[in-house]
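Should a chain be cited, it is by its letter among A, B, C, D, E and F, assigned in written order, with residues numbered from 1 in that chain.
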Amino acid sequence: MRQIWVINPNTTEAMTAGIERCARAVVAPGTVVTGITSEIGPASIESHYDEALAVPGVLRAISRGERAGVDGYVIACFGDPGLDAAREAARGPVIGIAEAAMQAASHLGRGFSVVTTLTRTMGRAEDLANHYGMQRFCRGVHACDVPVLDLDTDSRKIVTEACREAVECDGSDVVVLGCAGMASMCTSISEELGVPVVDGVTAATLSVQSLIAMGLRTSKRGEFAAPPPKDYRTGR
Amino acid sequence: MRQIWVINPNTTEAMTAGIERCARAVVAPGTVVTGITSEIGPASIESHYDEALAVPGVLRAISRGERAGVDGYVIACFGDPGLDAAREAARGPVIGIAEAAMQAASHLGRGFSVVTTLTRTMGRAEDLANHYGMQRFCRGVHACDVPVLDLDTDSRKIVTEACREAVECDGSDVVVLGCAGMASMCTSISEELGVPVVDGVTAATLSVQSLIAMGLRTSKRGEFAAPPPKDYRTGR
Amino acid sequence: MRQIWVINPNTTEAMTAGIERCARAVVAPGTVVTGITSEIGPASIESHYDEALAVPGVLRAISRGERAGVDGYVIACFGDPGLDAAREAARGPVIGIAEAAMQAASHLGRGFSVVTTLTRTMGRAEDLANHYGMQRFCRGVHACDVPVLDLDTDSRKIVTEACREAVECDGSDVVVLGCAGMASMCTSISEELGVPVVDGVTAATLSVQSLIAMGLRTSKRGEFAAPPPKDYRTGR
Amino acid sequence: MRQIWVINPNTTEAMTAGIERCARAVVAPGTVVTGITSEIGPASIESHYDEALAVPGVLRAISRGERAGVDGYVIACFGDPGLDAAREAARGPVIGIAEAAMQAASHLGRGFSVVTTLTRTMGRAEDLANHYGMQRFCRGVHACDVPVLDLDTDSRKIVTEACREAVECDGSDVVVLGCAGMASMCTSISEELGVPVVDGVTAATLSVQSLIAMGLRTSKRGEFAAPPPKDYRTGR
Amino acid sequence: MRQIWVINPNTTEAMTAGIERCARAVVAPGTVVTGITSEIGPASIESHYDEALAVPGVLRAISRGERAGVDGYVIACFGDPGLDAAREAARGPVIGIAEAAMQAASHLGRGFSVVTTLTRTMGRAEDLANHYGMQRFCRGVHACDVPVLDLDTDSRKIVTEACREAVECDGSDVVVLGCAGMASMCTSISEELGVPVVDGVTAATLSVQSLIAMGLRTSKRGEFAAPPPKDYRTGR
Amino acid sequence: MRQIWVINPNTTEAMTAGIERCARAVVAPGTVVTGITSEIGPASIESHYDEALAVPGVLRAISRGERAGVDGYVIACFGDPGLDAAREAARGPVIGIAEAAMQAASHLGRGFSVVTTLTRTMGRAEDLANHYGMQRFCRGVHACDVPVLDLDTDSRKIVTEACREAVECDGSDVVVLGCAGMASMCTSISEELGVPVVDGVTAATLSVQSLIAMGLRTSKRGEFAAPPPKDYRTGR
């Protein structure tokens, strides 16, 4: 039995439910996926500011998971908030959905286009592509300008069109969905466009599952050793 | 039932058996792994020349696999020989062990060291690290100078020492094994050094398993469409 | 009158006092520097975990500053924690001490060495050098392994020796101090080694002063516009 | 009293006067700015050829400055001509307007567009962006095709329109003016476009002022030590 | 007498004749150029698959050349197939037409556009530009969508138009022809467009001639030493 | 008859004679090489300052060459001084010895080491390696600390030892000589070390000869068009 927690870094429980559903649909027998809603932070993450304030909730969820003996974690927001800190805090592997999606996409074609939510989040996706060494593969980042919490059946058409335009514009042959809230649209967009579409929630969950199967955990030799104990002053 | 073929690009069947064993040990129920020995080419791959002559055998194996309805492929040599061509030829996903190992390692620490066989193969590993965008993670490539076909229980100590020196020299916190023939040494080296050690055979097999679980295949929109039919002149 | 807040992202007031003293020593007449101690978070920042938990305190300080009409901000920790989020939240310019120090150093020689505190923080400094485009200038990152809160007159000799070794090892001709707590050692190390030594606290304060003098503020056209209002759930 | 010489590398005195005026408007009390017109070289710099022939005049001005006890220098042409040589020749800091402008702009947004004069000078701006590590920030270089000596009140509209198009085309949020002759247009363009516009003359002057305030000079440890004495043959 | 073999990696003899003619037209007295048609492999190379299957024929040609005392080799296909392996196998220098063309073009302008045959081959050209460090010079890769074996007098107009559009689109000032089959069009396209047009066949032949004139051969110190002898299993 | 001028950017005629001798030894029948000593500037180039003051002499030589109908030029100093300006001024091709040497070396092995004269010139060689895209090939830059004008038979041993150490230290398999004054040592160093040693003077001369043979000249479409006419003020 492998326990994987898929942490939704925002506080919107409906979104966690959707994420959990997608992740559960792909894991192997013997892998138990639990969606975890962050207890503190913003209702959705659409700015660096939101992301910064979401991180403590992610770390608190990791803490709970460690006490519960969780084997691995997914951070289910395309900004991969708190990833390095989470790796220090957890014994098992931790993977962000942006890194997992981009790596999966890199196996499937010459290059991918990322389609994210608001225009203002494009820069973060570009930074992550650079940080993960995906510059050669990431041929463009695009926005559909649907806010995270408006991603639903009605907006699927808008997202699909944004994906179609991205592929044309970039001359890419794969799409990466740039928000955990788009996970459920993955198959239908792929069918409509005729190119592979990668959702990071499933990609990251399976990557964690794979690392666990190989017995691999974050190295505790250096930078990602458990953080040194500290006095923390909490706000009033 | 998912059928994954793990293709050993050299013609040494004993090596295929070891590779198959390692891959089978990690897959999920429902995944069937078959080790495939290349029918044409060199007994081991230790030069660009060997690698070039191994590729037609890899492609022939892919052809057979396509007729047999195989769902995905691993190319089990750290030079990832013939990867792009194989992606054109196959419907399902194809992953090389170098790309899979480096990507897995990138989740586990600040940076990894690659330990390969002969000194003359170091350059290929460096080229691949660049090609896959892993420069930031790959802190060094090292050789243990054990020929591929001499990798066995006796040489494990030499490989282990090369890994230890690599980690010290590079200030890295993860090791990537740079030859499919080292797959079975993975756990013991990790235990001895106290850092995660990544074997590409298992990493690639699980990555293919994951892509299949997500329903993802190589994009046929552009560069990796089936190759155009051609007249081929075969040698005398 | 220009009001600049130099925010110490940790909660140790003695350190803020030292930082404030250094910044005040270099500003122009008409510039008022106020050292601000973060109200929430860790006593010192020596891990990604500490840094993540320090960011909300930085943002709370920015909020207070905005209400007080502050003209610009320095984030006085070498990890530049929360920089992008702070730029969204503030009207005036915000600069981190790592970016300011590296840029200043880039004018002074062929390349600089960074000397930071604990070995585990070296990776963050490397990431920032990449993020700011300073790879060509940053010839090495080194640690003196003195914890942040132990940086005082007694440890100056250790830091100085680490700087000397860094310069030799890297063939560099400039030193960048990798912790706000080293600010007061700047002159004496420079005198002992005979090379320019850059402290980010003063560099960033003067860079903010310069941007204010030029009437320049963070662009609100796109990514760094004020963050969209959100429901935030606060922890129990 | 800090003496900063702002060297105009071309021989057009009217342009020096404009540059001096802009620089004086932003410096702190105690900083004395003197505009220096190069005594030898071309009337304006619009080619690599012009730039090459302007450098001896820049170096002669540095020589005079050293005898006069000048504390720091600005090279006020967007090609930063002779920068490395000037650093060898001067004791105090020397900064080019391209490097200063790009660094200032990097603090203000996701990315900047450079607007230069003639199309043929775009390549030099791209080279400098690479050389200074500003590739991630520099999202495009554009030309307004107004010759340097025609930059005046009448041409401001053309420059403004070029800036507007650059920002649209690049999806940038900051403008960098690519010629010292545009310095006086800075504020009005910013007001019209609603984004920060950075002029390198003021940016560089303030950067030099900052380095002087911190007591920082070019490192004389290695590459930028005083040039070895030489026999120089002068032309007939 | 210097013997240079220009190897056509496909099996189409008419194409070899054209290549040989172009190469002979530019060499110095004392250089003897022989066009060699590969004995095994595809009739033309328009995919990674074709390229992979062409490499053994290239290596067989090198083997024959070594026995014949050939002084140097050109690989006359823009994918530079088998280049590293050929360098191991040959004593004299081996150069690919892509590397030679890109390097020659880098001396002639700010940046070049590559015009290749089928769209699906664009990715390979991009990979090679990266591999050879030509990113700064290569401003775009374009396809004319004429199959290799249809390149003849009739298609010259299509290729010329593709070149014209490429130069406009990329703002480049040099064209690199992306197929050995375009060699004979070089002069006429240059005359029509008024920019230098580089053909790799002549560029590579002259580069090999130059290396021979300097007495330079592939280093046998490390990676490119003669490949270790191996058992090779040949197909049935 | 092709006329190539090999311009020595310093004013030391004995050095020009040596350069001319090396270049003449490798060119084809029909190529006439003339060594040209710069009429103005420093006796040797060992700093950015020297280099800057050498450029006007290079450009004056180009001017004379244009009037004399010269077909192409080599700039025979490893800093490639004035290269871009010379390309604007000349009709035929112009090549620097650093770019030619590095490109030639890139065909011969995994990577090269540069051995230059004084330590202070190493940075310039690194900058050029970056500028020409040779980072992957250039594995290190080293100094022998022999001044340019002391390079003679007696110093050959010192240079040879520096080359030997460079190759060991970098794990490289090719040497690039970093000064035109080392040209005559090329063969003997190669024989002693057993690796290819590339001299830029011969490499550049043959590259120019090749471009002329192909009918290729610097593009006059954009950046390298003839410089616009200007008023030039000459010094008193």
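Operating definition for what follows: a contact is a pair of C-beta atoms (placed from the backbone, for glycine too) under 8 Å apart; a residue touches a chain by one contact, two chains touch by 3 or more.
Listed by chain with UniProt protein names: A, B, C, D, E, F = Asp/Glu racemase.
Treat the numbers as computed from the prediction; the structure is a model and nothing was measured.
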Chain at maximum distance from subunit D, centres defined as averaged CA atoms: B
Farthest chain relative to subunit F (centres taken as mean CA coordinates): A
Same or different residue numbers at the subunit D/subunit F copy interface, by half rule: same
Approximate Å spacing (C-alpha centroids) for the pair subunit B, subunit F: 43
Where subunit A and subunit B are represented by their mean Cα positions, the distance between them in whole Å: 27
Multi-partner residues of subunit E (each touching 2 or more other chains): 110, 123, 130-131, 136, 222-223
List of subunit A residues in touch with subunit C within their complex: 11, 39-44, 46-53, 55-57, 59-60, 82, 84-85, 87-89, 119-124, 127, 130-131, 147, 222-223, 225, 227-228, 230-236
Contact footprint of subunit F on subunit E as seen in their complex: 26-30, 93-95, 99, 103-104, 106-110, 131-137, 167, 171, 173-174, 187, 190, 194-196, 198-199, 202-203, 206-207, 209-211, 213-219, 221-224
